[in-house]
Amino acid sequence: MSTLGIVKRNIVRAEAAAVEKLGRFGVATIHEAMGRVGLMKPYMRPVYRGARICGTAVTVLLQPGDNWMMHVAAEQLQPGDVVVAACTSENEDGFFGDLLATSFQARGARGLVIDGGVRDVDELERMGFPVFSKAIHAKGTIKATLGSVNIPVVCAGAIVNPGDVVVADVDGVVVVPAALAQTVADAAEKRERFEGEKRAKLAAGVLGLDMYKMREPLAAAGLKYID
Amino acid sequence: MSTLGIVKRNIVRAEAAAVEKLGRFGVATIHEAMGRVGLMKPYMRPVYRGARICGTAVTVLLQPGDNWMMHVAAEQLQPGDVVVAACTSENEDGFFGDLLATSFQARGARGLVIDGGVRDVDELERMGFPVFSKAIHAKGTIKATLGSVNIPVVCAGAIVNPGDVVVADVDGVVVVPAALAQTVADAAEKRERFEGEKRAKLAAGVLGLDMYKMREPLAAAGLKYID
Amino acid sequence: MSTLGIVKRNIVRAEAAAVEKLGRFGVATIHEAMGRVGLMKPYMRPVYRGARICGTAVTVLLQPGDNWMMHVAAEQLQPGDVVVAACTSENEDGFFGDLLATSFQARGARGLVIDGGVRDVDELERMGFPVFSKAIHAKGTIKATLGSVNIPVVCAGAIVNPGDVVVADVDGVVVVPAALAQTVADAAEKRERFEGEKRAKLAAGVLGLDMYKMREPLAAAGLKYID
Amino acid sequence: MSTLGIVKRNIVRAEAAAVEKLGRFGVATIHEAMGRVGLMKPYMRPVYRGARICGTAVTVLLQPGDNWMMHVAAEQLQPGDVVVAACTSENEDGFFGDLLATSFQARGARGLVIDGGVRDVDELERMGFPVFSKAIHAKGTIKATLGSVNIPVVCAGAIVNPGDVVVADVDGVVVVPAALAQTVADAAEKRERFEGEKRAKLAAGVLGLDMYKMREPLAAAGLKYID
Amino acid sequence: MSTLGIVKRNIVRAEAAAVEKLGRFGVATIHEAMGRVGLMKPYMRPVYRGARICGTAVTVLLQPGDNWMMHVAAEQLQPGDVVVAACTSENEDGFFGDLLATSFQARGARGLVIDGGVRDVDELERMGFPVFSKAIHAKGTIKATLGSVNIPVVCAGAIVNPGDVVVADVDGVVVVPAALAQTVADAAEKRERFEGEKRAKLAAGVLGLDMYKMREPLAAAGLKYID
Amino acid sequence: MSTLGIVKRNIVRAEAAAVEKLGRFGVATIHEAMGRVGLMKPYMRPVYRGARICGTAVTVLLQPGDNWMMHVAAEQLQPGDVVVAACTSENEDGFFGDLLATSFQARGARGLVIDGGVRDVDELERMGFPVFSKAIHAKGTIKATLGSVNIPVVCAGAIVNPGDVVVADVDGVVVVPAALAQTVADAAEKRERFEGEKRAKLAAGVLGLDMYKMREPLAAAGLKYID
């Protein structure tokens, strides 16, 4: 009955063109374009300044203190993938370091998003292998317990299905369902164009109060100005 | 009876000369010069390395997940102001991003201190608009509920009155009541001069034990040396 | 009966050659070489990017909000020492700033590891005095209550005896008992050589599954591949 | 594209017999019977001692500081349901109190599981309406923003689909997918019978080391006894 | 310039009749009657089940690890007062135990609200001296550093002025400014009467959707029902 | 070189008479009698109301998500022992439930103190087996990795050596080194007698200010009374 001990080999990845297009936008823009869903919790942070990821998810469910399944996941990686690792309970051990990063990079992976800890951070930066994690922790893990690869997981509060697009930058990590990738990419593009116009007005001194026509609803809501 | 739904237009800002003088000192020095009060909690951090703010507070009280009042605050900004945003309950949503920053900057604001989350951090750094916040979070907010502008607020544990001087650097955020700005600035100057002399002695190898004449009180308190 | 109010002057420091050798390895490598013990909790972080420490511990037990014993510790410092400061209760006040750093540096200390807060972070970076702490906080402390110097302490979850080797880098902080310093340094060296070979194989595309011969134990544990 | 603003009226609830049977077992037993998945995070606690729930999930996705959708959910409740409320961002406001409890109870609901705050706790206990929450907080909420009802949600780290069985007791909250309810109930029954036999042996002084035949694998793993 | 080292003897307490009337309502009701302001953060919890307080605030500002000012506050207590203790930095030491409780009770105090830790909890329950705190901690404190008594303080995020009414129950802690005590008490009474009528309707099966006339605004906001 | 994989069979337990005597005092009193050291962090809480423990420590070092060593520890238990379990990294899984409790109780153990999670809390209360833990969590653990039994451990910030006396009540958990047990018990007895006299005076209305002769040092420290 359990979902542990499973590796799914054939997953449906989002289409490459949509993934590339999503890679041109920031996480905040994509999150807006999706209708404000799909974000991971804000404790997920890049392990080095400037890290950025966009790719298709290969998911991993880890057991606390055990990174065995990361090696199983490596074999399932294709160029353009991002490893998304969840854990069956809260744990900040260092599940990942420069050796696994070397292996993932050799397989064409674009980065790692992990609801746990990682180590060898200086080396990861030198390699240019971006990682977003809950913690940095030198503590190593064992290889003794089965988890799963490519099952749906909950990572930092967000549901991730294998093949979904994962985008990560300084503002956080967002998950775009594979089937919506192209639509969201288009919506993000439209939104960004739109924002450029608004930015120009605001820079010229126009107030949001006027640009968004907020004065009337604010008055209706009861806002009072006093001197 | 409520303090919600209010915008105070006329506030008494600290005198410009005192604000500028305070801007020459670090937060730790100013905090000491005030008698060790007025600090925000240490979870308030700059969103990019090197951010620094000194200005007069325009305060905002937000509702969770709602940044409507930020737009109302924009109109109340004058050159040299700092927006200080508190929230009626704990919430780390991204209340602020590059569009609002553009508007605030166009009004002459010097930065933002917010007991909540912000986004578009890379763009904020490019713009040179310094922000100190509790979190970075791509999650957007709505515009539906009234808070207030320029009422006294509690931000990250510190009371901030509109017009107070707010100074923020890598060591934290400190609030100087408008009426005390000049006195605190003078005290900070005196303290800094003083510290230079002490630093020289310590660098020369003099021990704090001797410089501060601590050996006697330590012995009186019962300190025992053993081998 | 208490362990408060004590300064131990003669401590047995780890041998200099072993300390220097340990300084060539990363915290993750040393932690592995010790059999995965001795790490501090992952909330201990460098106060500036690039900070790194390796030296022999002079331990301090502080009282909350009181840094009196830091001045007592200064006198016990010898070149190559690292101050390791614990506190009798959880407290994030700024126990340490640039004046104490000047004094510690003048005595030859190589850095500070503190289960509490520090301030003057920009100045610490300019001085090149590395600090790993739980918090950054401008709040100053008083000098009124006795703690101890050079007694065994628990710092961020790790036991530290005076004279132990403390190594800190971006991955965390590890404590090597003085008596084991040479053995651990040798084990770290062997481990690092070993890792170089593994890295080359992984970079060439060999999977950890094969390199570590994991396929059989994974199958024995019940791992199932599905399509 | 958004999943906000939706109410699904027809949901497939787990079969009543399976739900009733699951109600006879503790959360720890059910979690084991499921293969150790499906648990919410341990910060979810009963708001009064002795609270216990077993029923079918009606899910609600709330906005921070806004409980509008709770009223929408009330209409979708059938006898035997449990409301499971998630939020689009972390928020501990008091989304729920005795008035909503009166309404839910009148509709036949058996309790509430909410990844947020509740209030009127004494009254909830008097009414016998069990609630498991992240926080207790008197702060009220508004009714201004759309969420959804009966869409899949992530509540305290667990995926909940409408119609799933939710069981909550002092040990935590577990979610059983509707399709697995009968199988899990049977497995829980078998497990509980089994545990009775083991308990009797352990109470008689038999060691787990012998009962579970652990001595050999422990020796193989390298365990050393010293005197 | 500091606000430390001050004891204010003459404070204006809220009128006794208003205090007594406020004591008849729950914290959630009073918070609503005030327009949803004045609540402390939800980490403030009663140290024993059933604790409840209503009285006028005598405020104390403590230093971390130091309860000297609690003894100073004792002398300022009058029958009907509640001690509200804040701290200059976050600290969970046990500032208060059964001896101070005996002294406060002898002076007529009705309880303690403290943004820190307390101990002797079993004895406090036996004495019937209610306490709301951030933590329970056996760790004692010293008596060495000046704070203040009866200055405005920020306790768990709320501003408390001496003489304000403080009400605490299982739902949290709320602060009513002395000048508003009677008005808020009247508003709470009206609100409670009103709630009784609503409760009866909801218990009879009327939906909040209809009672509050929410169907139209929900539709206007775009809520869609699907099957 | 590692301290993992070790079971020490012969440990020196504190003398029975001293343990029994310590059992008559509260944790706060014992902590004071020891000179204010030896306390665990305040997040350690009883899993049911009224739990209380006093006995000699058998220590266990666990791996995250793995309770194998608890079974190894069971064999080392003697009547009057308390199991003190630490973990190599932070983890809140349910390491312990009613089956292990049955086994521990059959061996004469008096309770468990664990820096992790436990489950079957209702059953533990029915059995009268007191437990103090960091969390309650239904999540089970595996039996795959070696830790150790009866080595020195750091549990919730306190050093515990096998054979030390551990006392736990509603105020927290304190560790008394075996060699100091009798001395601390005597000091606690004296302290408690002393407190009785002070309590009587305070109850009669004498102020601590006068009883402890604080007025002069307060004035010397600069305390000012204003009206």
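Letters A, B, C, D, E and F mark the chains as written, and numbering starts fresh at 1 in each.
As a convention for this text, a residue touches a chain if its C-beta (ideal position, glycine included) is under 8 Å from a C-beta of that chain, and two chains touch if they have at least 3 such contacts.
Model, not experiment: these values are computed from the prediction.
In the contact between subunit D and subunit E, the residue numbers used by both copies make up under half of all numbers at that interface.
With angles rounded to a multiple of 5, the C-alpha fit of subunit E against subunit F returns 120 degrees of rotation.
Centroids of subunit B and subunit F (each the mean of its C-alpha atoms) stand 41 Å apart. With centres taken as mean Cα positions, subunit D sits 27 Å from subunit A.
Subunit A and subunit C have Cα centroids separated by 31 Å. Contact with two or more other chains is made by residues 36, 49, 88, 90, 92, 137, 139, 145 of subunit A. Applying the touch definition to all chain combinations yields A-B, A-C, A-D, A-F, B-C, B-D, B-E, C-E, C-F, D-E, D-F, E-F.
Within the complex formed with subunit D, the residues of subunit F that make contact are 5-10, 49, 68, 71-72, 74-75, 92, 94, 97-100, 102-103, 105-107, 117, 119-122, 135-140, 143, 145-146.
Those residues of subunit B whose C-beta lies close enough to touch subunit D in the complex are 63-66, 88-93, 137, 139, 142, 144-145.
Subunit B meets subunit E in the complex at residues 1-4, 33-37, 41, 88, 90, 152, 154, 157-159, 180, 183-184, 187. Considering their complex, residues 26-28, 31-32, 36, 39, 42, 45, 49, 169-172, 174, 195, 198-199, 202-205, 207-209, 212, 214, 218, 221-227 of subunit A touch subunit B.
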